[in-house]
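Consider the two complexes below, in which chain A is the common component and chain B and chain C are the respective partners.
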Partner chain A sequence: MRPVQSGLKVITARRFNSKLVITIVILILLFLIPTFVTSSYHLRITINMLYMIMLVAGFRLALSAGVFSMAPQAFFGIGAYTLALLVTRLNWNWWLSALLAGVVAAACAAIVGRILLRLKGIFFAISTLAFASVLILIWKTFSFFGGHSGIFGIPDPDPIFGFEFGSLVSYFYLALVLAVITMLVMYRIEKSRYGFTLRCIGPNADLARSTGVNVMLYSITAFCIGCFFAGIAGAFFASFLGSIQPHAFEFNVLMLILLYAVIGGVYSVWGPIYGVVIMTGITTGLTYIPNYDPKIGPIILGVTLIVVMMRFPNGISFLLESIPGWLRKASRKKENEPYVNTSS
Partner chain B sequence: MLSLFFVLFALGLSLIFGIMRVINFAHGEVYMLGAYGVWLFTDILNLNFFLGMVLSMLAVGLLWVILERFILKPFRGNLLPTAIVTLGLLWIFQATMLVTAGSENQSVDFPQILQGTVSLAGATLSQERIFTIVIGVVLTVALLLFLSKTKAGRSMRAATQNPDAARLMGVNIDRVSSLAIGIGCALAAAGGALAGGLFYINPYMGGPQLLTGFVIIIIGGLGSIPGTIVAAFIVGFINSIATTYLGSNYAGMLVFLAAIVVLLVRPKGLLGIEEM
Partner chain C sequence: MSILQVKGLTKNFGGLRALDHLDLEINQGEILGLIGPNGAGKSTAFNVISGYLKPSAGKVVFKGEDITGLRTDKIASMGLVRTFQHTMLYSDMTVRENVLAGLHLHYKSGLFDALFGFRTAHKRTELERRATELLEMLGLATRSNERSGDLPHGYQRLLGIGIALSSNPDMIMLDEPVTGMNAEETASTMAMIKRIRQEMGTTILLVEHNMKAVMGLCEGIIVLNFGKKIAEGSPKEIRQDTAVIEAYLGVKAHAA
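And now, the complex of A and B:
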């Protein structure tokens, strides 16, 4: 009995470790990116990908509970403006302001959600779009928010643990840490009872309500958590660019978020990563084609979007995550059925 | 005047939503394509303006009937996928026009007969504007008559109210959907064509129209044709008056806030059919 038991223990231990080891290896590889990617152009693209992942992950969390908000770009903007105002006008500590940016975005989401979540589906979607439009007009109109020209001279984050910010590489590490934290939180939520309830509300809110779930509470909290990360991403974005203008938070940001979320797949926690990485890869890769006209880019994006929607409505993540299953099936078939040549 | 553009634009959006439960994000691009259609037929092919406008409406309508058959049909009634697919179409059309026609502003001239001004009850109006108003009113009335008097129009209204019941009564939903998207897009194209005659044409002209169109169909009630017309006039008036007295930014804010308030007080809109 003894050897068998110890053997089992070894197997389970190895399994647990293999998952952990893979995660650690991926994280180390991610932290080594600046040593491979030396051109500032590519590093900039990588940083853009990282904060887009935060935005899309937040959007996906709310969507998994059936909250189709069309205002993630507005909460991104709220975060950016909160940080910019606190840091430039009141000279607050950057980290405190960034945290507050997330909190303010989440608080706004709570208010908006409480008022608008009475509406369902398309009505909620369009009313959040109207909210986003009002907000952009407010930023454009009032001089408190800098008007059309926005806010300038947003400083780099304050040094922390002797780590100075300012270079592109330091911004990369900040974005990476933020994105990793976001994805860890999203993963924890997905695996928790809370995430399970959210996924139950998504397809049929009435059924969930009939089993005693407080749908409103769950929807609002999911919306708030998503917007909290959008706000943090906005705070990072404001400092990264050094200045913000209202038009950086308009409809086209929403279109990108939707594109990434859907291409990646809205039913998977990792969907946002797949979506952002694959679509950024395609758009960046295209620019290497000789005589490439950047105006054609949107046509290719549009066609990709429609083809993916028609062939894989669940997105790329569904495709990627079903590959291990296929492999297992294929190998099992090989074991069970001896190869028979039917053509002869 | 402005209201009539809104009517032509939003009627299509409303028809398409009512029958197919599809929110067409590319509707602004339909408007833009209509304007470019007229530009193509009159400025490049030197056809008559009226003929160009009719051809443009037909071409755009037909294009969208085909698109509906092959691209939108599988997703009918499904909110997120249709939003995404029409978003893809938006990108495709915008970029196509950017590549083929360039980003610079184009303009179409109204025919000679319509240039000049008339005095009407003390106010001076340009004939172009009167022509635009007349065409807008004629098209709207024609649509209302079509919906109330013909069999096809009645089956469209039936499909709006309850698609399943309509199907049970022998209404061919596929055919009605094609008809709705054809008519809806032809109307938006007509709006674009008229706008092309009065303002400039560029690949991005559809964007602001789309947001206003959403607000109008929300205020009027999704899928309700009379509601859409009433709401288009309300939004048009708020827009004109607020722009004159407060500035365009405040006008936009007022219009969007009005939409949110209407939704909260009366979620199905002013004359809405049902709440979804």
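And now, the complex of A and C:
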């Protein structure tokens, strides 16, 4: 059973402040990560997590409106290729190119969405998968995109506000800022009327239509926003690696996105973070086992997926977000205990 | 004054003509019933008028404007809203959220409002007030925080009407509003439909199999069979119409 969705709650001033404080503390801790995580291996993993969060969050936004796209990796690739071509061939400013990478991904999503969204559910999903495969073939085939070997020598982002890019730590901060902006936008959407309408379309598009919702428009915009962030993540990814190849945007990326989304929980705006952090934590933690065989990793992921699907079909987010409620209940019980004792 | 005019409405599904030149007119504030045996084309008529299906031929005019073949949400925004035969709710949301969802048209808020939080708080309280009023009228106020999927069937049907009503439409089309209800629930729903017309002035077109409900509610009745209109008139006239009796009970060849 799904949790009852919170729709339009008026946030009280007190709760807002405590939330604000917690958010600021978390942000400060995040900004301090490079002082704790000094090994480049672990910093690299953290950066991977950050752009993965952007991808999963974008995927989840579209999914909340019932748009099950199986092409987030393709829009990730569109962003990466757009940036790579603009900065290597035309010597464009990196930031402008990155923004354009997002815009191009969103525009592609608008076109693909307009054509394919007349299909519903799994039929839409399969057709987007076909779109993704065709795109990879195009990247592999045409020399304009560098063919199989891809595009090399993608430069670091241009300096901004006196901040130079190139070191791993600088990439970490860039990824962190991008991921935080993504999650901020996702949160705003979730709490808004727009997000509420998306959550109505998801389970019952026909009913939403009868109350005057332009379902096509809402689905396409949600899909576009999701793909915009996938495109930005792709732009980051291209510079972070310095080179891109078509195989970096194949189905294994899609599988990871789906895994993170499902395990994190698709009904919560924070689900992508939980999914990415927990699953990356597990796979990284496993490597510390002596005589660890890397082939076991996927097996563990698969088993985790099955267990989560069976025990917590709403994902880890449902579990984590019920904990405050349980604590409140437990503390209330404690307060009541003496009263119950004296009366009996 | 007629609010909805349907002229020669026809719908073909491949070789099957589900709706055959239906003419229909409903006056402002009227309750009109659409009846007929199973497969007569009642639901098709609803789907075509409300824009879920495109008509093969014919014309639908609402409030003087041609709405033939328009998108459903467009038609809804003009003030013509429908309910569904099978219960359709956002079953994972609370009763109150269902009504708030129905208020979509009153909350023209774009994406930029969403991102930057322009003028939402004021609007929100106004909508909350409207939702409360509607829930009180429907008698669902005490259940407003329950998950709508957990409501008893009768209340779910009522909430379905509530979602349609929340945008304060000029006309609603009720698809079998009392289906699956016991006698008591049927009576209270009938009273509610009458009250809606009285208090909100809503014009109502309804499809229903429960003859007692139809006869008790409607001022005019239209009878369909095999996609064609076979009779039209007051409940009294319909009850005595031989074509209608034939359609419902059948007629033996030698008995004629």
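Just so it is clear, the second predicted complex is superposed on the first by the 320 of 344 C-alpha atoms of A that agree within 3 Å, B and C clash if a C-alpha of one lies under 4 Å from a C-alpha of the other, contacts with A are read in each partner's own complex, and residues count from 1 in each chain.
By definition in this document, a residue touches a chain if its C-beta (ideal position, glycine included) is under 8 Å from a C-beta of that chain, and two chains touch if they have at least 3 such contacts.
These numbers come from a predicted model, not from an experiment.
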item: Partner chain(s) touched by A:140 [first = chain B, second = chain C, both, neither]; value: first
item: First, second, both or neither for A:206, with chain B first and chain C second; value: second
item: Touched partner set for A:301, first chain B, second chain C, both or neither; value: first
item: Which superposed partner A:215 touches (first chain B, second chain C, both, neither); value: second
item: Contacts of A:255 with chain B and chain C, given as first, second, both or neither; value: first
item: Touch count on chain A, higher of chain B and chain C; value: B
item: Touching partner for A:41 - first (chain B), second (chain C), both, neither; value: neither
item: Contacts of A:119 with chain B and chain C, given as first, second, both or neither; value: first
item: Chain C-contacting residues of chain A that also contact chain B; value: none
item: Residues of chain A that touch chain C when the two form their complex; value: 2-5, 7-8, 10, 185, 188-189, 192-197, 199-200, 203-204, 206-215, 221
item: Chain A partner contacts - residues on chain C that touch it in the complex; value: 50, 52, 71-73, 76-77, 81-84, 88-94, 96-97, 100-102, 104-105, 107, 109-111, 113-115, 117, 120-121, 124-125, 127-128, 147, 163-164, 166-167
item: Sites on chain B touched by chain A in the complex; value: 23, 71, 74-75, 79-81, 83-85, 87-92, 94-96, 98-99, 207, 211, 214-215, 218, 222, 247, 249-250, 252-253, 256-257, 259-260, 263-264, 267, 275-276
item: Contact set on chain A toward chain B in their complex; value: 63, 68, 115-116, 118-123, 125-127, 129-131, 133-134, 137-138, 140-141, 251, 255, 258-259, 262, 266, 293, 295-299, 301-306, 309-310, 313
